[in-house]
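Below are two complexes that have chain A in common, paired first with chain B and then with chain C.
And now, the complex of A and B:
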C-alpha cells in the first residue's frame, strides 16, 4: 500500500516535470493577455481560439510522430491542400457521398505520406529531400485538379466546424483532442510507437537488432499524411471551400509547435501532448497579440522569439538536470 | 550443429579466406586472432549481417544462408556484438524485448513485459534495477549485460559473443560465465571471441585461431599454452617496425612537474582528486569500471566541466579547470579517449584527414589558412609506416580499418599534434597483442621524450608492466598511490575496492 503511494507520488512528480513548464507558460500567457487585452479572457475568445486550432493540431501530431522517429515531413501543408482539393473534386464533380469522399481524401493523404516514408526508408534518401519533393508534387497536383481555382463545396461539411450547442466547441476540436490522445497512446502503448522512439534514437542499433525499419517508417509517414487529409477536411469545412493555396507554410508552424513542446529534431525524444501544448502557446500568443492591436509583422517577430526562447529554456533545463 | 564450408569474404582485400569450421552443441568454441584477422567478419557472416562472397553454411543438417539478422534469429543464431547497441531513450524492458515486444494486435502488454523483464534481469544479476527505468541510467557494464540478456532470452541454437567481458567488472563477468555454463548444458553452441587469453583458457572447450583471414587450426582445451596461442596469432614474416628515434630524457626532465591536479571535482563521479605528474613519468590510474577514472580524465581535459579545483600545467601558474577541450589542447594537453568510434575518430573521413584534424587549430596557423592536404597525406604515410597501420592508402576511410589500426590512427593524430601531457583512457582496449606492444612502445617513447603520461586501464597487469607509478580511483576518490617497479597487485586491488566499503556519504533519496 505504501509502495503504491510512493509510486503514484513519483508518477505525479514525473508528470509535473514533463508538463509543468509548458503549463506554467500557458497560464502565464493567459494571465498576461487577460490583464492587458480587454476581451481576452472571455468564453467567446477562448472558444474561437479552440475552434481555429484543430487543423494545425492534427498536422502537428503527425509531425511529432515523424520527428520522434528521426524523420521530418515538409510536405504536410501541400498534402493538406491536395487532400482538400481531392475532397472537393470527389464531392462536387463526382457527387460522391460525404463519408466516401472524406475517406478518399484521407486515403490520398496517407498514400502521399506512405510514399514519402517508403522512398526515404527503403532507399535511404534523407527525408528532408524526399518530402521537399513531395511538397512540390502535392502542391502542383492540387492546382492541377482544381485548375488553380478555389472551389465551393457547399454547406454539407459545415457541421464539422460548427460549434455544438451546449459545449461551444466544434466537432473538429473534439476530433483533434481525440487525435492528440490517440497519438500519445500510440507512442507509448503500441509496438509501432516504441519502435519509432527506438529508430529515432539510433536507427543503426535497431537495424542491428534485426528489426525491420522500413515498415514502421512507412506507417508513421502514412499516419502523418492521413492526418493532413483530416486537417484538410477540417479547413474546408470551416471555409466551405477547398483552396489549392491552403496550408502554405504549415510545415513550419507544425515543426514550431513540436519544438516548443520539446520534441527533438534529432529524433528519439518528444511527446504528442506536449506538442498540443506547443500549438496552444502559439495560438494564444497570436490571438492575444492581435487583440492588443499588434500588426502581423510584430506577431511574427514575437512568435519567432518565443520559439527560440522555449528551446533555449528546455536545453538549459536539461543541462541542469544532468548536473 | 553449425558447419562452415570454405567461407570467404572479400572487401577491398580478402578478409576471410576459405574458412571451414564446425561448431558442436554444448561447447564453447573460442575464436582467436589479432585485429584484422577476420574474426568479426566471420561472425557477421554467420549472424546474417553480411553476405559471404563464397562458401556455404549448414545449420542442424539444413542449408543455412541468412541474408538478414532477422533470418539468422529465426534459425536460432544470435550475436552480441562488441559495440553497445542499447537504446538509451527506451526502458530496460523495452530494450530486452525490442525485436519482439509483447503485444496484442500491436498494443503493448506492459504488464507481461514488466513481469518477464523482471525474471530476466534477476537471472543476469540485475535484479535491483527497475525494468521501467530508461537504459540511459545504466553503467556501461550493466548495458553490456542488458544487451546480452536481450539477445539470449529467445530459444537459441548458436550464440556468438564478441568481446562480451570488455566492459564488465569481475563480478559481472563471473555472472556471465555462470550463464555460459548454463547455456552449454542447454546444448547451445557458443562462439566466444575475447582478447583475454586467461579467460579463454578456462572457458573454451575448443580454440580456433585465425590469422590474416585464414584458419590456422583448431585445438582442444589444454593443448595450447598462452604463449603458443600468441605465437600462432602473430605473423612471423612481419616484424614490428621501429618507432622513430626519440631523445633520451635528461635527468633534469624527470624532476620537472608536468601536471598538477588539486581538489578536482566533477560531481558525483570525481570527488576532490589531487595528484601530480612529473615530466617523463607514466602514471597509471587503476580502478573498477565506474570508479570515476574516465570522468577524471574528461574533467582534466575539459570534456566535461569540472565543478571545482585547480590545474597546473608545467611551470605555468595554477588555473581553474579547463572549460572545453580546446583550452586544454592549447595548454599542451592531449587526450586519447576511451571510445574511439564515438569521439576519437571521424569514421567516414580518411586516415590523412583524421591525423590532420587537431592540426587545423594549431596556434600560428590562421583560421583562413589552407588545409594542406598534400602535406597531411605525407605525414600520414610516415605514421602508417612507423606504427604499421594496415591500410591500402592514407585516403582509406578510418571506418573500414580494424580496431587496432583505428587506435593507431588515434595515436598518430595526437603524436603529430604533440603536447606536454598525454591523457590516455584505455589505450589498448579491444586491440590485439601485436598492436598492444606497439602502443606500449609509443607510450614509453613519449615518456623518454619528457612527456607526462596518465594512463587509465582496466587491465592491472598492463599498468604494472607499463607505469612508473600507479594511482587508484575508487568510488570517485583517489584512494592510494603506489610507486614501481615492484608493485603488490594485492594491495592495488584492495585499494580499488576501498572506496566502496567506506560508509556511504551520500544519502539515498
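And now, the complex of A and C:
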C-alpha cells in the first residue's frame, strides 16, 4: 500500500520533470496573450487554434521519428504540397472517390519518404542532402501536375476539417491527436521505435551488433512522408483548395516544434508528446501575435526569440539535473 | 589512379548530363519558344517573377501565344525566378540576357528598387527596356537618371473599385479588416491604399490590417485571429485571391459565412469558382495574360522607331462579380 503510494508519487514527479517546463511555458503564453490580446482566452479562439494545427502536428510527429533516428527530413513541406496537389488531381480531374484519392495522396507521400530513407541509408549519403534534393523534386512535381495553378476542390473534403457540432474540434484534430499517441507508442513500445533510438544514439554499434539499419530507416522516412501526405489532405480540406505553393518553410516550423519539445538534432533523444507541446507553443504564439495585431517583423523576431529561449532553458534544466 | 579519376569525372559528367537531357525533353522548355531566326528579327527577353505563381504563368502563356502569332516579327525568350523574393537571381538573369545580346528586355521586377542598377546596365548596352506589372521606384530612377516606360495596371484604382463594390453591401460604421501583401512590394502598398480610400469614403471602420505575405495558409491563420479578436467584423479585404481563399476558409470554420464578406484581387480560377458559389463577393482582373503582350508591343514599337517617346501605358483593371462572370 505504502509502496504503491510512493511509486505513484514518483510517477507524478517524473511526469512533471518531463512535461512540467513545457506546460509552464504554454500556460505563461496563454496568460500573457489572455491579458494583452482581445478575446484571446475564449473557447472560440482555443478551438480555432486546435482546428488549425492538425497539419503541422502530424508533420512534426514524422519529423520527430526521423530526428530521433539521427536523420532529418527537409522535404516535408514540398512532399505535403505534392501530395495535396496529387489529391486534387485525383479528385477533380480523374473524379476518383475520396477514399481512393486520399489513399493515393498518402501513398505518394510515403513513397517520397521511403525513397529519402532508402537512398540515405543504403548508400550512406547524408539525409540532409538527399532530402534537400527531394525538396526540389517534390516542389517541382507539384507545380508540374497543377500547371502552377491553385485548384479549388470545393467542400467534398470539408467534413474532414469542419468542427464536429457538439465537440467543436474537427475530425482532423482527432486524427492528429491519435497520430501523436500512436507515435509515442511506436517510439516506446515497438521494436522499430527502440531501433530508431539505438540508431540515433550510435548507428555504428547497431550495425556491429548485426542489426540491419536500412529497413528501419526506410520505414521511418516512409512514415514521415505518409504523414506529410495526411497533412496535405488536412490542409486542403481546411482551405478547400490545393495549392502548389503550400508548405513552403514548413520543415523549419516542424524542426522548431521538435526542438522546443527537446528532441535532439544529433539523434537518440526525443518524445512525440513533447513535440506536440512544441507545436502548441508555436501556434499559440502565432495566433496570439496575430490577435494582438503585431506586424510581420515583430512576429518573426518574437517567434525566433522564443525558439532559442525555450531550447536554452531546456538545456540549463538538463545541466542542473546532472549536477 | 588514372582510371579512378576518369570514373570520378565520368560520374560527374553523367550527373550533369542526365538532368540536362531531361530538361531538353520537356515539351515546353521555356527558354526558346521559336525556331532559329533570321538575323534581322529582334530578340525580346521577357523576365518574370516566379513562374510558379498562377498570375505570372498566365502572363508568360499570353506572351508565348502572341509570339507564335507574330513569329515573323520577333523572337521571345521567357525566364522566371524560383522564389518571388529571389532578387539576386532576377538581376543575374538580366545580366545573362544582356550577354546573350537580346535587343529588348520586358521585365516584371521582383523589387521596385533593387532591379534599377542592372536595368541601367542594360540601357547602357543599348537595349530597349520596358517595365511591366510592378512599377520601378521613381526616385531611384531619377537618381540614376534613367527613364523606363511602365506598362501596367493602376492597382490603387483597381482595389478602390473592389472596395467600393463591397461598400455597397455594407452600412457606414461597419467594421472591416485588411489582409495585405508583402509590405515591401509596390503593388501591395497600392492595393492597401485603394482599399483604405474606398472604406474611408464610405465611412467604414478598418479595425485591423495585417500582412499575410500573399499566402493562403498564413492568411487563414491571421483571418481566424481577426475574427476572434473582432466578433463584429463584417468584411475582409484581401490584397490577392490566394489570401482571400484563406480568409474564406477561416470564415467558414468560424461559422460566419453569412455574416462576413470577402473580396480579393487577381481573378484566379479558384476565386471565380468561389464568386459563382456566392462565398466571395468580388475580385479584380488586371488581365495578366495581356500584360506582357502590351509590354512586348511597346518594346517592338521602340525598336522600330528608336526616336519615339517612350510613354507609360495604363492597362485596364476590371471589377469581377457574380454578375460579370460567365455562368
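Here is the rule we go by: the second predicted complex is superposed on the first by the 322 of 323 C-alpha atoms of A that agree within 3 Å, B and C clash if a C-alpha of one lies under 4 Å from a C-alpha of the other, contacts with A are read in each partner's own complex, and residues count from 1 in each chain.
Definition applied: a residue touches a chain if its C-beta (ideal position, glycine included) is under 8 Å from a C-beta of that chain, and two chains touch if they have at least 3 such contacts.
Since we're looking at a predicted model, the values are computed, not measured.
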Report clash or fit for the pair chain B and chain C bound to chain A in the combined superposed model. fit
Considering only the touch criterion stated at the top, classify A:208 as touching first (chain B), second (chain C), both, or neither. first
Partner touching more residues of chain A, chain B vs chain C, is chain C
Please work out whether A:198 is in contact with chain B alone, chain C alone, both, or neither, and reply first, second, both or neither. first
Is A:150 contacted by the first partner chain B, the second partner chain C, both or neither? second
Is A:268 in contact with chain B, with chain C, with both, or with neither (first, second, both, neither)? first
Please work out whether A:235 is in contact with chain B alone, chain C alone, both, or neither, and reply first, second, both or neither. second
Given the touch rule stated above, what does A:83 touch, chain B (first), chain C (second), both, or neither? neither
Overlay on shared chain A, then closest C-alpha pair between chain B and chain C (Å): 16
Share the list of chain A residues that count as touching for chain B in one structure and for chain C in the other. none
In the complex formed with chain C, which residues of chain A make contact? 37-40, 42, 44-45, 48, 51-52, 143, 147-152, 154, 158, 161-163, 235, 238-241, 243-248, 286-287, 290-291, 293, 295-296
Using the touch definition up top, name the residues of chain C that touch chain A in the complex. 51-54, 57, 183, 208, 210-211, 213, 215-217, 220-222, 224-231, 242, 245-246, 248-250, 252-255, 268-270, 273-274
Touching chain A in the complex, chain B uses residues 49, 68-70, 72-73, 81, 85-90, 94, 98-99, 101, 103, 106-108, 110, 150, 267, 307
Chain A - residues contacting chain B, complex: 188-192, 194-195, 197-198, 200-202, 205-212, 268-269, 323
